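Note that the chains take the letters A, B and C in the order they are written out, and that residue 1 is the start of every chain.
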Amino acid sequence: MGGLDSDMVLDENGSWSDRIMKASLTGHLEDPAKLLEGFDVKMGIERLTAGYGKRNAITDISLPIIKNRVTAIIGPSGCGKSTFLRCLNRMHEVLPEAFVSGRVTLDDVDIYGEDIDPTDLRRRVGMVFQKPNPFPTMSIRNNCLAGFLLTGKKVRYPEEVVESTLRKVGLWDEVKDMLERPGTYLSGGQQQRLCIARALAVEPEVLLMDEPCSALDPIATARIEELIHELCSSVTIVIVTHNMQQAARVSHFTAFLYMGRLIEYGDTPTIFTRPKESLTEEYITGRFG
Amino acid sequence: MKLLSISRKLLRIASSKRRFLNSLFSLGVVLSAILVVAPLFIILVSVAIKGGRALNLDFFLSLPKAVGESGGGIAHAIVGTLFMVGTGLLFSIPIGVASGVFLATTSNKRLSAIVRTSADCLAGVPSIVTGLFVYALLVVPFKRFSGFAGAVALSIIMLPTITRTTEEVVRMVPHDLFESAIALGAKRWQAVFRVVLPTAGRGILAGLIGAASRAMGETAPLMFTAFGSHFLNLNPFEPVSAIPLVIFNYAISPYEDWQQKAWAASLVLTFLVLGGIIVSRRLVYGRFG
Amino acid sequence: MSRRRFSSDHVFFSYLTLSGTSIVAILAGIVVVVGLQSRENINRTGITEFITGTTWDPVAGIFGALPAIYGTILTSLIAIIIAVPLGFGSAIFISEFAPPRIGVVFSVFIDLLASIPSVVYGLFGLFTFAPFMREHVQPLLQGAFGKLPVFQGPPLGVGFLTAGILLSIMILPIITSVSREVLKAVPTPEREAGIALGLTRFELVRGVLFPLSRSGLFGATILALGRALGETMAVTMVIGNRYEVSSSLFAPGHTLSAVIANEFTEAGTPQYLSALAGLALILMGITLLVNVIARILVLRITGATR
């Protein structure tokens, strides 16, 4: 906990603790101010509603994403977790007939504002997908640099970027002698770590992870969880997972979504041991989903 | 398959009438298979034998001699064919590949249905009618036949094939590759150009080679656009010869020497076209067939 | 974070859309241009006269398209009658009889057959097949069935029958490959039910596969018909170039595309040219109609876009 500026949290005019109390469905956060004491809010979600055509995928969600911590989004299949995640980097709107309403702020700036360029946003808020997908026509080295190669942005010292990001994800020693091989040459777990390296290379402030381990075996999963642990001190992480044990292991804060609504949000230990909502408790104990 | 062996046991119990009918049927099927493939060999063998007689290095490198004189070759036709197919590709690649990408990526269902149907109909237009169209547009106003008009006719003929094969191949590129590129901050055109198209590259190339090979064999549209010529002509705005034109003109001529050359030219043309188709298949399937 | 108003994305996707619409424009252009070209002749001759007239006399300015239409349809029909059973049979061979390896090789051969240029078929037809018909097949047929009106007349080698058979070889690949797709689309449960009942292969095909693929096969036939109708070079070289309607299959005749191919460069007067354009318009109309029907049918069955 802490050492960070807590003014933001306790500020009187629409402090985050207040906003959560007013807008969130739970209203059960006993002492939001205390909960968020000493934390910085990196991204704020207020009354977010999104869906396709006439159908809502998520309705009226409000919660904070705490800086340099891991926030887990859990819930049964189809509850809107992925849609929620995709609203944070404006990927949702790329789909046909998609709509979004509400406010999502990054460092207090509304990312859906008029003069915000979504492509710029996506460099600051990166994403890793469920199925590892290195670009097949690029080498391992170029996959790391893809964020620059694809957008035409210049990178000063490419070899250093490649080495440092591969070291961060623990791949360097394994692949340093085969950087020119295609990205698809690696095993599933290695590919996913490569995808994380690729996302990290552009130095995002937030990293969104959509069930990053569900296509991987347990050993690879463990390595990635370890990686998440190491990364979160420098990057804010939001992870969607259907694996509750993983959420409990890896995150500091947890949000439970059900049928597109936020049922409960709190710090992970509390959510998993003394959840306030009965629905949360039922899900955690495996009675459904 | 277990079911098959059970049915075979039942067959032995079956009446001889059923067995007889089945044998008759099987015979008929095998016969039709043979009848379908036999012409391929008969034609290829005829062309190889009759064409081989007149084939020599001179045939490829020299120009036609006057009627009555022996010797001479079809160098002018080879150059003409390569020129017109190549130039045709220059027109049909930007339009065809782009249309294919359009069909594969657009969400405008109405327009894409119209475009797709038009491409299918265009593929069904007899090539002689296409030739007439180009004649009216590019030959009549300028009062001269030209290799350029021939190239345009060929490009229209290649267009539907290129469009459809590009669409199929681009559709097969997994959508999350596109999404990963977007998530890294690439604009949509960057994602298409630098990830989707290279990934589909092989298939698109195969489609191009396939279309070009078929265009090489087209005769009818060239008859009133390029018209044909006895001379090697490097000026695209004059009549130009092509291998299929030579075959046709020599075949219906009364001179045996020319008829011989028609066979030889057929050998060359068939070789080129079949070769192109085989290369195109190899690109797609990785090995012969 | 900033945003430019007129983004590069806009430009790129406008380019894509423009390319797509240019295909529509080209198709429309062909219809319009050919239509306009044929107007002159239609004005002078009149539509009914043009379609039903049997004389083609450029010198006198009389243009009747009927013999050409007749030839086109007749040769295509002959081709269909021969190619459909053979094509379907081969498709059954690939899907029910042949081990997978052979099936693949077979399909490759079919593809190669489809790739041989039309003019090479024509050359083969003119110098090898027509003489073969003239010296062996036609006398045989005449000997056996000489009384029938369809086998009258001197065996010339060239003519409707030869052209029809040559055409059938050329459309075999389409029928085979589309039939193959249609057979593949027969749901496995139905197929296995048939096998489990102890049906012989023949009974399986007759009772289960054929009924279920009937409309798809019909679509394949129509598709092949469209191809046959538009075929030019091979037919031109073996049709005999006689502008006459005849009931005999041995008789030489003409087809729409053969007339255009043969006479285009000789068309001196504007009306002559316009008449040829009129033939092209009829040809295009027939083939477009047939193709559209075919694609609707095949689309519905295989569910794929072909």
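Convention: contacts are C-beta pairs under 8 Å (C-beta built on N, C-alpha and C of every residue); 3 or more make two chains touch, one makes a residue touch a chain.
Nothing here was measured: the structure is a model prediction, and the numbers come from that model.
If I average the CA coordinates per chain, which chain comes out farthest from subunit B?
Farthest by centroid: A.
Which one of the chains is closest to the middle, using the mean of its C-alpha atoms?
So the chain nearest the centre of the shown protein is B.
Starting from the mean Cα coordinates of subunit A and subunit B, work out the distance between those two points in Å.
So the centre of subunit A lies 50 Å away from the centre of subunit B.
Rounded to the nearest whole Å, what is the centre-to-centre distance of subunit B and subunit C, using the mean of the C-alpha atoms as each centre?
17
Hey, how far is the Cα centre of subunit A from the one of subunit C, in Å?
58
Please set out, as single numbers or ranges, the residues of subunit A touching at least two other chains.
120-121
Can you list every residue of subunit B that touches 2 or more other chains, as numbers and ranges?
Residues 187-188.
What are the residue numbers in subunit C that touch two or more other chains?
none
Spell out the part of subunit B that touches subunit C in their complex, as residue ranges.
1, 3-4, 6-7, 10-11, 14, 18-19, 21-22, 24-26, 28-33, 35-37, 39-40, 43, 46-47, 50, 94-96, 98-99, 101-103, 105-106, 108, 111-112, 114-122, 124-130, 132-133, 135-137, 156, 159-160, 163-164, 187-189, 192-193, 213-214, 216-220, 223-224, 227, 244, 247-248, 251-252, 259, 262-263, 266, 269-270, 273-274, 277, 281, 288-289
State the interface residues of subunit C toward subunit B in the complex, per the touch definition above.
7-9, 11-13, 15-24, 26-27, 29-30, 33-34, 37, 85-90, 92-94, 96-98, 104-113, 115-124, 126-128, 169, 172, 176, 192, 195-203, 205, 226, 229-233, 237, 257, 260-261, 264-265, 276-277, 280, 283-284, 287-288, 290-292, 295, 305
Sort out for me which residues of subunit A touch subunit B in the complex.
89, 91, 94, 96, 119-123, 126-127, 129, 131, 133, 135-137, 146-147, 149-152, 195, 198-199, 202
What does subunit B use to touch subunit A in their complex?
107, 174, 176-177, 179-188, 190-191, 194-195, 198-199, 201
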